[in-house]
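In structure tokens below, several structures.
One chain, subunit A, links the two complexes that follow: it is found with subunit B in the first and with subunit C in the second.
Take a look at the complex of A and B:
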């Protein structure tokens, strides 16, 4: 079979890239996924949408993505609703260092047009009345951050791409990528071989393995992150409450449940996505310290997914030096869902040799070779 | 709805427990759960479906299904099918997902 391009991964990034390419007129686009739609990190994510970052590139990408998501139902002609609830992110500073860093973050965010602000504990309590103000020093708040249903958003991109003629192959695992003189010539799955000179690696947690198939060592690794969800109650919390220092994010989703997660210190770099009792224990203690009332609720389910971690916690996007026709959209470090619209746009521009909407220098893979010191995004849970 | 006579089993008289349901005084007996006391008083509608407000009553009756959620002593989402009745309880019908105070 011939294809103009094969996109590996039908998560939010893969479907967004397929949508943008198809919308710009590209034909014979193939998307391959080893599972079903949204079965990987997208369907396992915390569903948060935030623009409060500490690096310039993350801020810019987040802001552009929020602007897309605000109109996504119309743009993608989605018959459903992606459920974008914009009630903000409340990020609390728990140490003097964080307090100082957050002032710098807000200054950076404001300079890029993001309407975040530094607030006092008292102001934070007005926004989230049940928060325990003994737990933090100050906070930042951005009212246009929020929550989107990842299943609906992925489906919106999928349906729009399909309508524009993109072919999807599910339950089909890529087994090898053939190259000649460091140029992509074909992609072989367990069911088909696609003759193509362009491949996109949007494989999420499996991005490193896909890279090796084309002889491209991408400096990323998978890391397990766990989440739990409570029974639903009537709405008491608008924003996501987040702490980097205390390793916590917790949001009441529109259906009424609280969804919360935290990183696992010392997590191994592998594809493990088992739920653990250790997480349940630590998560419960952490959330009850900040939001005591949440302790009244029953936990109804736990799950886990893989972050695809990059050295500077910023995504790796675009072409690679090692192989012509091989494009990467990985290393999102837990934030691929909220960056998907800009990922789709930028990859489509690079693939079609169009000028890019933003300067990509700091997102290309060769930044790790060229730079002596890398600026690491600290605002990550 | 209580069994008083049985060919094999005995049902001795038990201590009466008073409680309130939606502002009205009712009574059950020692050993009742909240839902069994309500049933004995002929009250079968315990909650409502969240979206369409259809009546919900006992379903699993073993604390798994959430069909019997009620507000008890101002605490929402109490599984009344497995919660023992106690003297002076204030039991209220719960509309919606429950309000935490």
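Take a look at the complex of A and C:
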């Protein structure tokens, strides 16, 4: 079979790239996924959307993506609703260092047009009345941050791409990529071979393995992150509550449940995504300390997924020096859901040789070769 | 009986018509349907609706019930209060 391009992975990155390429008129686009729609990190994520970042690049990408998501139902002509709830992120500072860093973050965010602000504990309590103010020093708040239903968002990109003629192959795993003189010539799955000179690696936690298939060593690794959901109750919390220092995020989603997660210190770099009781223990302690009333809620399910980690915790997007026709969209380090619209746009621009909407120097893979010191995004859980 | 009146998932209030709509659109695995409708994601965790949905998909695809893959089973087996988990581990460590 012939294809103009094969996109590996039908998570939110893959479907967004397929959508943008098709919307710009590209034909014979193939997307292959080894599982069902949204089986990867996209369907496992906390689905938080925030613009409060500490690096300029992450701020810009988040802001542009929020602007897209605000109109996504119309733009993608989605018959459903991606359920974008914009009631903010309340990020608490738990140490004097965080308190100082957050002032700098807000300054940076404001300079880029992001309407975040530094607030006192008392102001934070007005926004989230059940928060325990003994747990933090100060906070930042951005009212346009929020939450989107990840299944619906991916379905919206998927349906729009399909409508524009993109072919999807599910339950089909890419097994090898053939190259001649460091140029892509075909992609082989367990069911088909696609003759193509363009491949996009949007394989999430498996991005490193896909890179190796084309002889491209991508500096990323998978890391397990766990999460849980409670029974639903009436609405009591608008914003996401987040602490980097105490390793917590917790949000009440529109359906009424609380979704919460934290990183596992010392997690191994592998594809393990099993749930653990250790997580349940630590999660319960952390959330009850910050939001005591949430302790009254029953946990009904826990699960896990992979972050695809990059050295500077910023995504790796675009072309690579090692192989012509091989494009990457990975290394999202736990925030690729909120970046999907800009990921789709930038990849479509690069693939179609159009000028890019933002400068790619800090996003392309060879930044790790050129840079002596890497600026690492610290605002992550 | 009207398909709208046949409730398949009581926790999330999902009826047979909603399921048939998705089947007609090509979403034919339990994992797909679960994610779009939240069927089986409520407090009972699919203990009631899981088998009903499996049978309905089998009927639609004209295959044997056991050929329709069940979704991944996730903890917890029953709801437990977060506070109880904190209390329960207080004296450890």
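In this section, the second predicted complex is superposed on the first by the 381 of 381 C-alpha atoms of A that agree within 3 Å, B and C clash if a C-alpha of one lies under 4 Å from a C-alpha of the other, contacts with A are read in each partner's own complex, and residues count from 1 in each chain.
In this section, a contact is a pair of C-beta atoms (placed from the backbone, for glycine too) under 8 Å apart; a residue touches a chain by one contact, two chains touch by 3 or more.
Nothing here was measured: the structure is a model prediction, and the numbers come from that model.
Q: Identify whether subunit B and subunit C fit side by side or clash on subunit A in the overlaid structures.
A: Aligned on subunit A, subunit C fits beside subunit B.
Q: In this superposed model, does subunit C or subunit B come into contact with more residues of subunit A?
A: C
Q: Does subunit B (first) or subunit C (second) touch A:296, or do both, or does neither?
A: In the superposition, A:296 touches subunit B and subunit C alike.
Q: Just checking: does A:39 make contact with subunit B only, subunit C only, both, or neither of them? Give me first, second, both or neither.
A: A:39 contacts subunit C only, not subunit B.
Q: Examine A:152 and indicate which partner it touches, taking first as subunit B and second as subunit C; both and neither are also allowed.
A: In the superposed model, A:152 contacts subunit C only, not subunit B.
Q: Which angle, as a multiple of 10 degrees, do subunit B and subunit C span at the CA centre of subunit A?
A: Reported to the nearest 10, the angle reads 30 degrees.
Q: Quick check on the superposed pair: does A:120 touch subunit B, subunit C, both, or neither? Answer first, second, both or neither.
A: Neither partner.
Q: When the two structures are overlaid on chain A, which partner does A:280 contact: first (subunit B), second (subunit C), both, or neither?
A: In the superposed model, A:280 contacts subunit C only, not subunit B.
Q: Check whether A:236 is in contact with subunit B, with subunit C, with both or with neither, and answer first, second, both or neither.
A: The first partner, subunit B, only.
Q: In the superposition on the shared chain, how near does any CA atom of subunit B get to one of subunit C? Answer in angstrom.
A: Scanning every C-alpha pair, the shortest subunit B to subunit C distance is 5 Å.
Q: Which parts of subunit A are in contact with subunit B and also with subunit C?
A: Subunit A residues touching both partners: 231, 296-298.
Q: Under the stated contact criterion, what part of subunit A meets subunit C in this complex?
A: That would be residues 35-39, 43, 151-152, 155, 229-231, 255, 275, 280-281, 283-285, 287-288, 294-303 of subunit A.
Q: Which residues of subunit C touch subunit A once you look at their complex with the stated criterion?
A: 27, 29, 31-32, 35-36, 38, 41-43, 45, 74-76, 79-83, 85-86, 89
Q: In the complex of these two chains, what residues of subunit A are touching subunit B?
A: 231-234, 236, 256, 293, 296-298
Q: Flag every residue of subunit B that touches subunit A in the complex, lowest number first.
A: Per the stated touch rule, the residues are 66, 75-77, 96-100.
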